[in-house]
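What follows is a pair of complexes built around subunit A, which joins subunit B in one and subunit C in the other.
Showing the complex of A and B:
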């Protein structure tokens, strides 16, 4: 048997399952590996929108948004532990069209992040080549090479892929810590110049709100840990442990990153840099730190691209297995047990967007898809508690203060849509146009190929619904 | 009693290929084309100085030193420093954005609920009587 999900043979042949090989370390590596690149690039566009102080405020406020996401996701994921993460949640709690959209949010958020990662690899090599007198180096071959090699690794198997991710993510995180201590934070005036470089709020408070858009980039993707739920050995232990340690890692890394970069780089330069931490290292005058942060930036971008290929392919695979997308993509490789067709299909999309060279705009598409997913989480939580009240089904974790986190999350999402409207309004409308057309296509065409009751696989009682 | 299960039609290989390319085409048309046409970020107007200095660009001594360490002169740094976002609000455009996002979620939740009720009725039996 080579293809477990071919379209033409009811009754269905037995499905090949994904291998359960991952532990908490891999979950940490998957979550942090995807997100850590956000400390090496992208977060600094929030400085362009609201100044360095505005970026710091955005980092904290958006940290609150992600705290709500973590609280909500921990409860729902501990109950719906299946590949596809939020996609599987939407199928069981809101409905098929919502699930299709959530699946697309995941695919687009991760594929655009993959494109941004590859773009940064190309930009970094171009910049370093320029320093050595080879300013004409074309970054495009490196973009293609990065995506192709990582797609091949993902094609071959998730265990080796995420084991490599663990090592390179750990090295990338170490480079931030080393940079921080090399700048003697215990003596803030020795190497850093916050007093001279921090300029207050250049656009006032509206700039702070505008900065929320890229504040998302400090953390975007941490919720991706639950994408691999079906491949985790002990879901109840590994998922919360890997996600929580990942979130702590990111909070530390975000604080260190802002502190060192804003203390060395003028805010207008910082706001447009494609590799801000590498530039920060250049300004220290230490060749060792420059090389070390070159390695850190490269490793973080590669680790992130690696994790995003894993997650995007699994979301696409889950949708195809449910026939939300053509079934051909729902095949598991007979030898490597990976969603190999889904891995390959998304490669040209990532390459195309990486080739534009428009890092802030590619990132914006990723942010918007993530933001739509967080908006879903807010009303999904309300529906989840309403349809299955506490005590009606087994929950491994129940978050406190319901519905405060859901309402706070919704309010912060609405504010972040407004933040995106400020400066990136046409991209916001383009993204919505994409999801509207895709939704119409699914509802009026694609859904006819979907088996109805097969979408509900959890052993739960009938939901409480008002008709 | 559970409803008789819905039997979906079998999609041909050609249909699967068409659907795959439709989504790809949609990604390129809706998302990539605006980027290639320069319709993405809308930064405000840039003020151009003919002979900028660090002082005229409002950069203090430390800032100027850091720019120079990065390999910039006032002339090469000026386009970056003078690039500003324009946060003035176009209320018509804002209203359009609100209607589009609101309409999207309204349609999606409405259609999702209709589909979800079918799923639940087939899984657990029709509860509407």
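Showing the complex of A and C:
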């Protein structure tokens, strides 16, 4: 502390740690909050590729991919409980280069998702203004306002941030449930027309495979729960509980969303719609449902942006704390106990991405970054169990059927890369090029600043050598 | 119509105030507190580490 403040300021603690105040409800709010916007928009592009039935197959197959992610994440995080989540896991299990890449995937995936969510908020308000007769509303100030308010919340504390996220995420989820019951699912022919609208697979099985890329929208971000590991009370219990209940919530929400939308909207229109659930509500003719689903769409986008700020900041903070990035960003606020410099640094980055206005490009880069992270997760898990078998270290949660989830995850990731290549081949190659250049920068320049002995913090026995 | 224009300006102003607040606070904290203290955080969940050490 400086001399000027020594006399007046209260005694300072020896060490500043992130505040451990979160419970399973906050973990749920973080994971589901990031993802739920994908039920309100985006998932329906899978309908354009594979038809309504193809989209349902993608929903469940990609649901299996994310169930594997959630199981693997829950086990590893209950052991490597550190901010940065998968970054910290990769660092301990594989090594620095893998950790750097995973950290970069996380920061890029979440910051781009944040930008996309803010763009959606701006677009929604633009549409509302249009309905009230003012088609000239500029969405930019509302994009910046969304990012500014949520960055301010994140700056001031994790507890209030995720408590608010819980409320708005729960309301958004409730809107899907209300829409489902309003369409009388107990009498499938009363309001819904599945019999007429489900037309099989318009592009055959290759269309179903192509739909996998957009099936990711149903669940993208649930793995973000473990970014807050350092701020969770009873981490070994709360994280697996919050993550797995979050995954169950998403599987229910995804199935309900598909059921109501495909029963009311023809697949040719559904595959192009920008806000499919809102459009479904409009087709019911109920003014209440229309307004309620608009609120749900808006809340889901805000909740997602909020959660992604939380996660991106923690990934950047963790990398900086280990000097993978400038250490200056690894600071903790002495009063709010948040990674405040990381939060502030990522604001202009997110605003820049949002101002490009290229929603589909931004989202594709975000999805591909996430997919790369999941691919490496399967390697990490197999190596983790081989080097530290059951019983050799304390695990608060052990996932069943190993190595089936890891192998399934790998197979589904490869299939989804193929699906992405069918639609976004050039973006896939550009993104690979970006991460290869970033890896070279880390290897030849940045790694010399890392304190190698300090980065491994887990009191584990020496790893069992591979035979 | 004027009302929507007003909303646009209000959004810019509120954004500027919030972003200015966090930026000024970040500078103030950096000037007021020792950098070593701000960077003193260590990775890991203390309770889990403690439990592992005791096992």
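Please note the rule applied: the second predicted complex is superposed on the first by the 446 of 467 C-alpha atoms of A that agree within 3 Å, B and C clash if a C-alpha of one lies under 4 Å from a C-alpha of the other, contacts with A are read in each partner's own complex, and residues count from 1 in each chain.
Methods note: a contact is a pair of C-beta atoms (placed from the backbone, for glycine too) under 8 Å apart; a residue touches a chain by one contact, two chains touch by 3 or more.
A quick note: this is a predicted structure, and the numbers were derived from the prediction, not measured.
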{"item": "Contacts of A:145 with subunit B and subunit C, given as first, second, both or neither", "value": "second"}
{"item": "First, second, both or neither for A:427, with subunit B first and subunit C second", "value": "first"}
{"item": "Subunit A: partner with more touched residues, subunit B or subunit C", "value": "B"}
{"item": "Touching partner for A:216 - first (subunit B), second (subunit C), both, neither", "value": "neither"}
{"item": "Which of subunit B and subunit C A:375 touches, first, second, both or neither", "value": "first"}
{"item": "Partner chain(s) touched by A:327 [first = subunit B, second = subunit C, both, neither]", "value": "both"}
{"item": "Partner chain(s) touched by A:349 [first = subunit B, second = subunit C, both, neither]", "value": "first"}
{"item": "Subunit B and subunit C footprints on subunit A, overlapping residues", "value": "327-328, 455"}
{"item": "Subunit A residues within the subunit C interface of the complex", "value": "1-2, 5, 9, 12-18, 20, 79, 81-84, 88, 129, 132-134, 136-138, 141-142, 144-145, 147-149, 151-152, 155, 229-230, 232, 234-236, 318, 321-322, 327-328, 330-335, 340-341, 343-344, 347, 393-394, 396, 455, 457-460"}
{"item": "Residues on subunit A engaged by subunit B in the complex (per definition of touch)", "value": "7-8, 10, 48-49, 94-99, 101, 108, 193, 196-197, 203, 206-207, 210, 264-266, 268-269, 272, 279, 282-283, 285, 323, 325-329, 345, 348-349, 352-353, 356, 358, 360-362, 364-365, 375, 379, 417, 421-439, 441, 443, 446-453, 455-456, 462-463, 465, 467"}
{"item": "Touching residues (chain side subunit B, partner subunit A) in the complex", "value": "2, 5-6, 8-13, 15-17, 19-20, 22-24, 26-28, 30-32, 34-36, 39-43, 59-63, 66-67, 69-70, 72, 77, 80-81, 83, 85-87, 93-94, 96-97, 100-101, 103-105, 107-109, 111-120, 122-124, 127-128"}
{"item": "Of subunit C, residues touching subunit A in the complex", "value": "1, 4, 7-9, 11-12, 14-15, 18-19, 21-23, 25-26, 29-35, 37-49, 51-53, 55"}
